[in-house]
Structures are given as C-alpha cells and as structure tokens.
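The first chain written gets the first letter, and so on, giving A, B, C and D; residue counts start at 1 in each chain.
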Amino acid sequence: MAKVTFDENACKGCELCTTVCPKKIVMMAKDRLNDKGFHPAQVLEMDKCIGCKFCAIICPDVVITVEK
Amino acid sequence: MEIVFQRPKALADVPFHYCSGCSHGIVHRLVAEVIDELDIAGDTIGVAPVGCSVFAYNYFNVDMQQAAHGRAPAVATGVKRANPDNIVFTYQGDGDLAAIGTAETVHAAARGENITVIFINNAIYGMTGGQMAPTTLVGQVTQTSPYGRKIEAQGYPIRMSEMLATLEGPSFIKRCSVDSVKNINDTKNAIKKAFQNQMDKKGFSMVEILSTCPTNWGLSPVESLGWLRENMIPHYPLGVYKDIDGGEKV
Amino acid sequence: MIYVITGHYGSGKTEIAINLAMSLEDATVIDLDIVNPYFRSADAAKMLTERGVRVIAPQFANTNIDIPALPPEVVSALQGDGNVVVDVGGDDDGAIALGQYKAYFDTAPYEMYFVLNQKRPLTAKAEDVVPLLRSIETVSRIKVTKLINNTNVMGLTTATDVLAGQKLADEVSALTGIPVGAVSGRLEVIGGIDVNVPKMPLDLYMNLPWEVWNKWQR
Amino acid sequence: MKGNEAIAEAAIRANCRHFFGYPITPQTEISAYMAKRMPKIGGTFLQAESEVAAINMVYGAAGAGVRAMTSSSSPGISLKAEGLSYIAGADLPCVVVNIVRAGPGLGGIQPAQSDYFQAVKGGGHGDYKMIVLAPSSIQETVDSTFDAFDLADKYRMPVMILGDGMLGQMMEPISFPDSADRPTYDKDWATTGTKNKRRANVINSLYIQPEELEQVIWAREEKYREIEKTEVKYESEGLGDADVVVVAYGTTARVVKAAVKAAADEGIKVGLIRPVTLWPFPSEIIAKTAKNVKAMLSVEMSTGQMVEDIRLAANGACPVAFYGRTGGVIPTPDGILEQIRRMVI
C-alpha cells in the first residue's frame, strides 16, 4: 500500500515526475489547469503506486508527499 | 500508512519563484533535507548570491544574509569568523562563483575556510536572460555567444571542481548532477557530507551540481535533463575530486 | 665604522641617525626604511647634504610611489672606509631589509643600536621589549651591541620620563646582557639628569608641516 | 603612538575583534598592528584576497552581530564602495578607515583630502550616507575610533574615519578612553542562528516592490535627518569678531591653525571652523557665521570639494573662497597666510 498526494496548486507542470515513475502512473492532467495555469501532475491508478518516492525526489517544487 | 516523503522543515512554506522544471528547487530541497537530518537549522546561516537564486533567503527557515554578486564566500568567511560554531553555507550559481567571484571562491578554498559551498552549474546566466557563463560549453549558443561559444573568441569553459581540487585547503569537492533520481540521491549524500565536514571542522567543502535552465536553454524541462546528460556530463565528469577522508576519486 | 639604528616605530631612530651622522667625520646616512613612507632620513637629505653628509635613500623615497627599491650604492657604502649610519625601518618588519647585507657585517666593525622609548605603549615593559629586540636580531641576522634610551613624548618630555626609560633600559640590559650605550634627548631635558651613561644630546629635525612654520618664524 | 597604530589599538579597546584588510600604503600599519595583536586576544585578523573581499567579510561579520572593521586608502576604498553600499542597504554597523592618498587613479602615497566627495556623499551606489569623522590629532583618531563604533551600532550604519597619510604616519602622545564607560547595543537582528527559538533573521538590501524599497529608503532618510540634528561636531575659534573665517579639517586644519595664529599676530581678525564630522556637516554654524563675516575661506588638500558644502551652507550670505594644494602636497602655513591677507585687502 502506498499513496502520493499532490499539492496541486504548487505544481508548475514541468512533467519531470512523469518521466521517472517505474509504474508509469504519474501523468499530466490535460483536462484541467491549476491556480498557476499549469496542467498539474496527477495519479489516477493509485493502487499501482509502490511508494518509491522517485516522483517526489525529482519534483523541483516540493509538490508531492508520499505515504507508505 | 506513514509519511515517507514530505516538505523538509528547514524549507520555508513559500512557493519557489523559479521557472517550471528549474533544478534550483530540487537542490534547495536537498539542502533543507540535509539541514533537517543533521538537526542544525538553529545554528545554520545561509548566504544568498546574486543570480536566479538571489531570493534563497526567502526559502530556508534559517538565518540568511544576501551577498553582493560573487562575494558570498567572503561574506560567509565574515559570518563564520564572527561565530565559528555556526554552520555557514553559500548557495551560488556559475556566474557568481566562477566569473565575478572567482577570487573569493579560490581564496576561501585555499584558506580551507570552514564553510560549505553549494555550486549550481547550469552553463548559462539565468537571471539576466541567458548570456554566456564561464561554464558555457564550446559551441553552446547564448545571447552573448550567438554563434556558439568559440575557443578563439571566448576561450574554454572553466572546470571549477578540478581547479579547486589542486588546492590544499578544500576537504571535499564533488561534482554531482540532478538529471536522474539516482544522481539526485547522490547529490544529497554529497551535500550531507559537505555539511558534516564543516561540523567536524574539516574545512572548505564544495558540491558542484550540474543543473538545468529550461527557459534559457530553450528546451522543455524533460528535454533539458537529456541535454544535461548528453552535453554537460561529458565535459564535466561527475565524481569526487578531493576528499581528505580518502574517498575514491574520479 | 658602521652604525645600525634599530628599534620600535616611533622610538626616535631617525633623529638619532641624523644627529649621529652630523657628529661623525666622512659620514654617509643610508635610509633603509622600507616600511615607513614619511618621516624618514630622506626627509632631511637636503640639510644633511649641505652639511657634508652623504645620503643614500631608496630611489622612490618621498615620492608618490611606494616601491622600496634599495639603491646599489648601499653595498659600496658598507664596503667603504668612511662612517656609515644605517637608519632602519621600525620593528622587525623594517629590520628585514638588513638581512641581505649580513656578509658586510661579518667582516666590518659595526655597532647596532637598539633605540628604546619607554613612552611607546608596545615597548613600555622589558617583557615586551626583549622579544622585539630578539626578533629584530633574528630577521636582520646581526646582533644588537648597545641600547639607547631615547624615551620621549616629543615636546612634552620631562626628566622623569627619561629616568623611567633609563630604568627600563637597565632592566632590558640585565635580561639581555647588552650594555646601555647612551641616553639621548633634547639637551634641556637630559642635561640635568643624573645617569651613569654618556648623554647624546639631540637637535630635532623631523618636523610636522605646521611646525615648519614655527621654525621659519624663529 | 603613530596614528595608524593608535586607530588599531583604539579599535581593539573599543571591543572590535574582527578586522579584515588588504595592504595599501599609507595605512598598512593598521593591518600589521592587527595581525600582531588580534591572535593574542582571541580576535580575527584576516588579510583578504582583495579590498572587495575584505569589505564583504566585514559585511558578513557585521551581519553576524560583531564589531567589524576594515581600513584602506583611496584606491582601495573605491573597491570597497560596493560592499559599503550593501552594508548601508542592509542597515549594518561597521567602521571603515580611509587614510587618504593622492588620486585619481593610482595617484600617489602622499597625503591628500581628495576623497571628500566620495566619503560624504556616500561613496557607493544608491541613496545612503555614512557618518564621516575627520580627526586632526592622534588623540582625536583614538576618540573618533571609539565614537565610530558607538555611532555605527547606535544608528546601524557604516561609519568612516577619514584621515590622511600625515595623520596615519605622525606620532603624538595619547591616552585611551575606558570602554567600560561606553553604551552597549542589543543586536537581535543578527544572524547568529535561530537556536530554534525565534524566526529566522534575514540580512538583505533587496526589496521586490519599488514602493516597499522607497519606504525603507525614506525611513533611513529620517534617521539621517536625526543624525544631522544630534551628531554634528566641530571646533571653532575666534568667530566672535572675525572678518574672515577659515574652514579646514584634518591635517590641513593643523596647518591652518598655525597660519591663523600668525594672521592674528598681524592684527587680522580671523576665525576658524574645523569640522570634526564631515557628514553630518556643520552647516548650521557655517550659515550663522556667514552672516557676520566679510568672507570665508576653505583650505583643503584637494582642488576644492568641501568648499561646495560651505557655499551651500553659507547660501550666498558671504563670498566663500578656496585655497588648496593637491597631488600629495601639503599646504604651507605661509601659503595659507598669504590667502588670508588677500581676503582682507
């Protein structure tokens, strides 16, 4: 069991997190914009998350909190 | 479930002003994580440079002093000498550390000044809008090397880690990169060692961190990581350049 | 004979050097001060030359530049037959310039005076004077042969000051085995005091710009 | 003591334990003295790699709350201008000594007063001032050094001691004040580490919004007006019935005094104003005096810098003449007397 939480309005949509996820579950929410006007990153299939922290480690804006 | 990754306490709850995908944010967070893990926030003084990271004083929950362009190692020297028990770090970019502040950098290192220097090398001037840096690669196009950096006209890029490693003062010099999770973890370990060395009074430590500048490179954040890997790392090899503890060198 | 005048900044070396040179036959003054840009023997060069004393000074003394290049004439003067008075810069900082001439002092007769001013805060006690004297000997690579008590507070000097200086000179002498060679000062100050060493009366030549006026008025 | 040594020793006695310098004639004895003394009393003497580095070390140490000092001479002070501006902009206290030599450029090592503008108008970029003290005797260099540290701490700003090579090199008997009699200043703004007990302190001169920066600058200006009211220092003589008043500071004032005395002996009614603080400038006494005299004369070792401030203060109430020597030449008493004579014809 693992979970990632995005501080969505802090996301600047740089997409770096999407490139490091071993499960390829981090994706940009192309259907909406956050307060800053970026498409934020999101995880839809949270049950596949293994809590590896990779997305959080590469995030330049400390958007992601990881629980395991 | 418990939290296994969250915002470090030493990082102020203020959003970074940096561009999307800029690696300053990663390095800021690593420095804050190290400060938390070593439990030194109450004793740490940071020195902010002039450059994109000029506002670094807003981002750390520690005492901070903002320095003139290039002078951070001199300012840090003054802070450290005034109170040798404080942990003093500078956070500097390539223009600040390797151009206008070369003298301050070299002499703080030569003195073995017991401070920690975090050196962000992204091969370009970010703050002023993408001019040639002392670390700009040969052939790299910038606003002030519009035809690509030419050796005949602009000379060679400076390898600061290699240069400073020739001095006796430094205790630890390592070049890292933030292009991958593995390298980011490695960078954090290096930063931690650089702070630990200061706590152990071993003298000057510097971590050079190859970083991206998507805005001025004209690449997406993801493409920037690739450009860093393909162009910067071959010219600026990663690894330890000086370690008085006898760590394995490049 | 070579006379080397050393001591602390402000002990009065230059006044002694000038007075001594004018009292000697066939004298040359060497201004060997590499640390002090003003108030040096070279200031008195015109007056000394008029009175038949030869002056050798760093090429740029009293100019607007501070290159302490020592002139080659120093060597010929040290090898000559006449009397030579060497006015050395203050402290061990100034005495370093002597070190290069060691060979000439090994073969020629010389006196090295250490000028003492008890009124200088850094040389008021024997425990401060002796290390300074020793470090001057170390860097100059020649030995002090005599102490000179030149205790003064410029125009305000009294006989009491000079006697306090004499006590200090005696203490330093006891600690180092170097004899006190003389007590120096303006005649009206040292004339009446009772000491068992020779007196060296001094006329003062190193004037401040506003004192030049007083002299001119006289 | 020699002037340079007196400044150094006075600084130590005023509890300065952090000195950062770079050699330049004719003030090198200050560094040399500090180099010998500081290690013995647990203080810091550091010969920086440049004047630029030295002033920035002072900036760091002052930010960390200690009494910090640097000294230099004219070309070196130009290099320190950047740091001085930062120190003023961050409202930090420090003491800077300028033993002025002739300029511009490399100029020369002989005494001059040609850095007056640079000192009293701030020196670096931006709206700021330094308190500038201009001693004219060795005793006064000692007193000024004590005052400089107190004023710096009191107002949180850089204070400059403006001397010249003559003052630095000459010798006069002195006595030191007792530092125990001086006030102490709380520095809760300093970067000493939060110890996890307070909010982080930030030493900074950068303000993002122009209006915010403007507000900070005007607040600083208010402080400057207060200093102009309370901290002006000068010496005067013979103002009561003077026809002519000579204004001079530092070494020049010593020479002027000799000339004024000689003029008085000739029956000329001549007075003297000697500013001790060059900023704040003694404008009030000059304005008052200008209304009662036939003329004033500024004597300087420059081509005429302070004379502009005298004219501003006199505001047309009387003519203000200038006499000066420059390039490292000290005016002579007879040269000044000749000027005084001309003014009463």
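The rule is simple: a contact is a pair of C-beta atoms (placed from the backbone, for glycine too) under 8 Å apart; a residue touches a chain by one contact, two chains touch by 3 or more.
As the structure is a computational prediction, the values presented were derived from the model and not from experiment.
Of the two chain pairs examined here, C-D and B-D, it is B-D that is joined by more C-beta pairs in contact.
Rounded to whole angstrom units, the spacing between the C-alpha centres of subunit C and subunit D is 33.
A straight line joining the Cα centres of subunit B and subunit D is 39 Å long. Annotation: 81 Å between the Cα-based centres of subunit A and subunit C. Subunit B and subunit C have Cα centroids separated by 56 Å.
Those residues of subunit C in touch with two or more other chains do not exist in this structure.
Contacts with at least two other chains are made by no residue of subunit A. Looking at subunit B, one finds that none of its residues touch two or more other chains.
Under the stated contact rule, the graph of chain-to-chain touches is a line, running from one end chain to the other without closing.
By the document's touch criterion, interfaces exist between A-B, B-D, C-D.
Every residue of subunit D that touches subunit C in the complex is listed here, in rising order: 1-2, 5, 9, 25-26, 28-29, 32, 102, 107-110, 165-166, 169-173, 251, 254-255, 257-259, 262, 327-328, 330-334. Residues 1-3, 10, 12-16, 19-20, 38, 51, 53-54, 56-62, 64-68 of subunit A are the ones that touch subunit B when the two sit in their complex. Interface residues of subunit B facing subunit D in the complex, by the touch rule stated above, are 12, 41-45, 47, 54-55, 57-58, 60-68, 71, 74-83, 86, 103-104, 106-107.
Of all the residues in subunit B, the ones that touch subunit A in their complex are 1-7, 11, 15-16, 18-26, 29, 178, 180-181, 184-185, 214, 220-222, 225.
Against subunit D, in their complex, subunit C makes its touches with residues 9-10, 35-39, 63-66, 93, 119-122, 153-154, 156, 208-210, 212-214, 216-217.
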